[in-house]
């Protein structure tokens, strides 16, 4: 099997994010924060719906931080795969545990 | 390097390898994720078992302060990301300045957190206190988790701030340069993780109404 | 190509205690682990033998009930956290992984030294309970709440020790993953990597991703003991079973931290001693990853009687059976590797063959435990004790000693007495079975574990088992004695006494500080491609 | 293994035999093949090895066959277990209390016993209640076991189908005398059971206080003859002065009614010197004040 480019490599050169890009990222994150607080404060009677939106927004925010601030977007794809596996593993922990508890 | 003599291999473990340090940092962040993950699991189960109590207890937390702290952390995340950009461009001064701003923001975060905690402690919500002992079932669990999770997070904030302080020192000494900035990058990664955790803690503790 | 300017091996470059305990050479760190680990192992087995002595007859033989409880807890803690989890990765992984990858050290040599120090600190903390506080914990190595929160013995210290040891384990795993990604010799793709490296890779991922969970869980116990908030107390909405979930989310994957490196060792030993390629390289490599992944989702099989939901029990039982498949695949491939080989029967091979036999007994008894109906009967009986000694001692333990015999000439450049090693092996093997097989039997009869005293009908198997422990002691002492004798006056060996083509045998024994005196040459067509045609 | 004595034994034993059978087949197969190869392809007989990289068909075969076999094992295990959680409607209910280190049984009519007597061929449901820490109710002959978890309801049921006396063991580690936490189940025929039921509780001239002590397993920790077990002996305890530790301070105290009551309701308030905290649970909701008075009365007789 040939494994070209399988390894992340320094020689690939580093992406330098611009200040502007960081600034827009922050703007997006703040917007999402306002949104999630608003949903919670004004949508208090949505109950489980508001839990879902809060977690959804948090996940989006986390992805934005990871992709732009943490440069995941410009990293070798290995890193995205690993992160995916780790998150998947953790989510499966939660799922399996809830299967157990919800059927008590 | 311990061996001055002998054969030098192209893939030596004693070569400077920026990619390796970054990879190491990422792996370390994974362990941090799962450390908090364990707590999130406990939170999930107990919330499932005590939905109403968790709801009631979460009303006691101050959304305004929580939101401000969220904003503080997000801004600090940006400043450290910018510090990396600055050093990559060879602009050492700006980089250091931005790092200082980041540390300052971490202090702001801790001060606000401190006021929040002392307010709760004044009410007697700290584990072991009178009021806490008499809380209805489930609510005391919420406060225990609140203190446990936020203080573990605060510990990470402190470690992150110290880490950044080291970076400032090393940058000033000229060890961190436009070619050799892994240290700044790793501090950034760590700091973003602190932010990431908070991004989940905030809605789970303050917002879920 | 540069050649070595000096012939000094890594023992000779520097001398003195400090040149060891502050060394960042992976080979020295590996040996530091070996010496400390063997010390703790001897403490652990001594406790084991004492327990067997107590169980020789019903009623009190040599110690009080409380002492017995502390002894088996300390035995379990030492064996799990101090011996078997670090064992193969920390000793042989450290020593040989870089060499087998054709590099001169791990990616983070200083971090490597730090993990050894953390390991030592954690171990001292664990053993300090013998001297300080109210004696060693008496909870069993599982620290189940609420007992572990109520008891007055020194649980806090034991738990903190396990926490600290977890850090060491994480750092080693992290180091290995990065090393495997970054430092493979030019031309060694993942699919040309020795299987030992593959197994360490899978192991490291488990160490990295499961250990934090036990860390946080143990912290909760400590918090409980300080604040007494009742985190797991149902009367305020908590759930004692949640503790068990958290504990086993780590501790089941942990059994694969113990087993996978052993699988890696066997995959190295068999090709060398049958002088042919390994059968089914890809299957063996990927089954490690499969075990690592699926192994995360079977933790509930330790809790079948805890009052889990029915659905939970069924899910966990199915997953348990699924995780046996990749292991079965490995076993079949190993046996097939012997086919048409040119088999050279030497002590390391004997350990490898014994491994396959004993581990199969252990693993197959695991299947009995994985089935719902039978586990209800056998949970927390001596059947479980038999099961895990077969997999841990008969499996990982035998692989560890196999590896020690295999790499002994490489590490020290000398050879032990082969005949004595063979005799010791036979005694060891017999003693092992006499010791542990009766446990499976007495478990089926219904004797619960962690029993200081037992009903008269369980007497005979317990007696046989205790006799077995004496045979085992004889074998072990003979084996260790032979190795130590080999250290001092063994015959010098060359680079490659076993005629292997793996990279570590291309360098002098003991290796020089930089690991190689000439650029290593990867075997053509894969790591096990013996030239047989 | 001892012969089964309940309706579950068949299912459990069947799955045990099936799994063991398949396991033995593989174990013996692997061992024999392994030894054969070592002899047949020994380097003396076969100086030149042949490289065989692998065989895809074989890999598939030895993946699929074990998969099918483990599904079979799972299935039998599941079937043997399934009835264990389905309690028949006509089951009689008995509550089992587990505490360090004694089981006690409460019958529907309120009688409390140390050992269980049940009629043959009658489903019995046991409600499991733990008072202090985890315990596990284990009857090897019935092939049943279930943990007793403090603060949580758990249950177990069985239908005995052979007369006799069977051991009950505690199978979850619960502290110092875990291995002494034993009891027994006597399975009798319906007539004998009815007789046992209607027989008036054995009247003895036992002191009522002693009866309470026995019922609540106090005597597993407290002797009546002056010897130290886990707690202080009750002999001569009343009226004596002794050293206790209260909130970390040592003080001298007179053992009187008030102190004994406190010792029973809040055992961790004063710890007698030389003993461990946290072992004795509070009997606040278990022993009534009148009963405590009886106990005190009885203690006075232990000189």
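Lettered A, B, C and D in written order, each chain numbered from 1.
Please note the rule applied: a contact is a pair of C-beta atoms (placed from the backbone, for glycine too) under 8 Å apart; a residue touches a chain by one contact, two chains touch by 3 or more.
Since the structure is predicted, the reported quantities are computational estimates derived from the model, not experimental observations.
More contacting C-beta pairs link the chains of B-C than the other of the two pairs B-C and A-B.
Computed from the mean C-alpha positions, the centre of chain B lies at a distance of 34 Å from the centre of chain C.
One simple way to say how far apart two chains are is to compare their mean CA positions; for chain A and chain D this gives 48 Å.
Distance between chain A and chain B, defined via averaged C-alpha coordinates, is recorded as 16 Å. Chain centres here are Cα averages; for chain B and chain D they lie 46 Å apart.
In chain D, no residue reaches two or more other chains under the touch definition.
Shown for chain C are the residues in touch with two or more other chains, namely 181-182, 209, 235, 239, 245, 249, 310.
Each of the following residues of chain A touches two or more other chains: 8, 86, 93, 97, 101-102. Pairwise, the chains that touch each other are A-B, A-C, B-C, C-D. Chain C meets chain A in the complex at residues 181-182, 189-191, 209, 245, 249, 293, 296-297, 300, 308-312, 315.
Those residues of chain B lying in contact with chain C across their complex are 2-3, 5-14, 17, 19-20, 23-24, 27-28, 30-32, 34-39, 41-42, 45-46, 49-50, 53, 127-128, 132, 137-138, 140-141, 144, 148.
Across the complex, chain C is touched by residues 1-3, 6-8, 78, 86, 89, 92-93, 96-97, 99-104 of chain A. Looking at the complex, you find that chain D touches chain C at residues 1-2, 8, 11-12, 15-16, 19-20, 23, 26-27, 30-31, 33-34, 37-38, 41-43, 46-55, 58-59, 62-63, 66-67, 70-71, 73-74, 76-81, 84-85, 132-134, 136, 138, 140-141, 143-147, 149-152, 154, 167, 169-180, 182, 276-279.
Here chain B touches chain A in the complex through residues 17-19, 23, 26, 30, 33-34, 37, 40-41, 44-45, 48-49, 63, 67, 70-71, 74-75, 77-78, 81-82, 84-85, 88-89, 188-189, 192, 195-196, 199-200, 202-204, 206-209, going by the rule given at the top.
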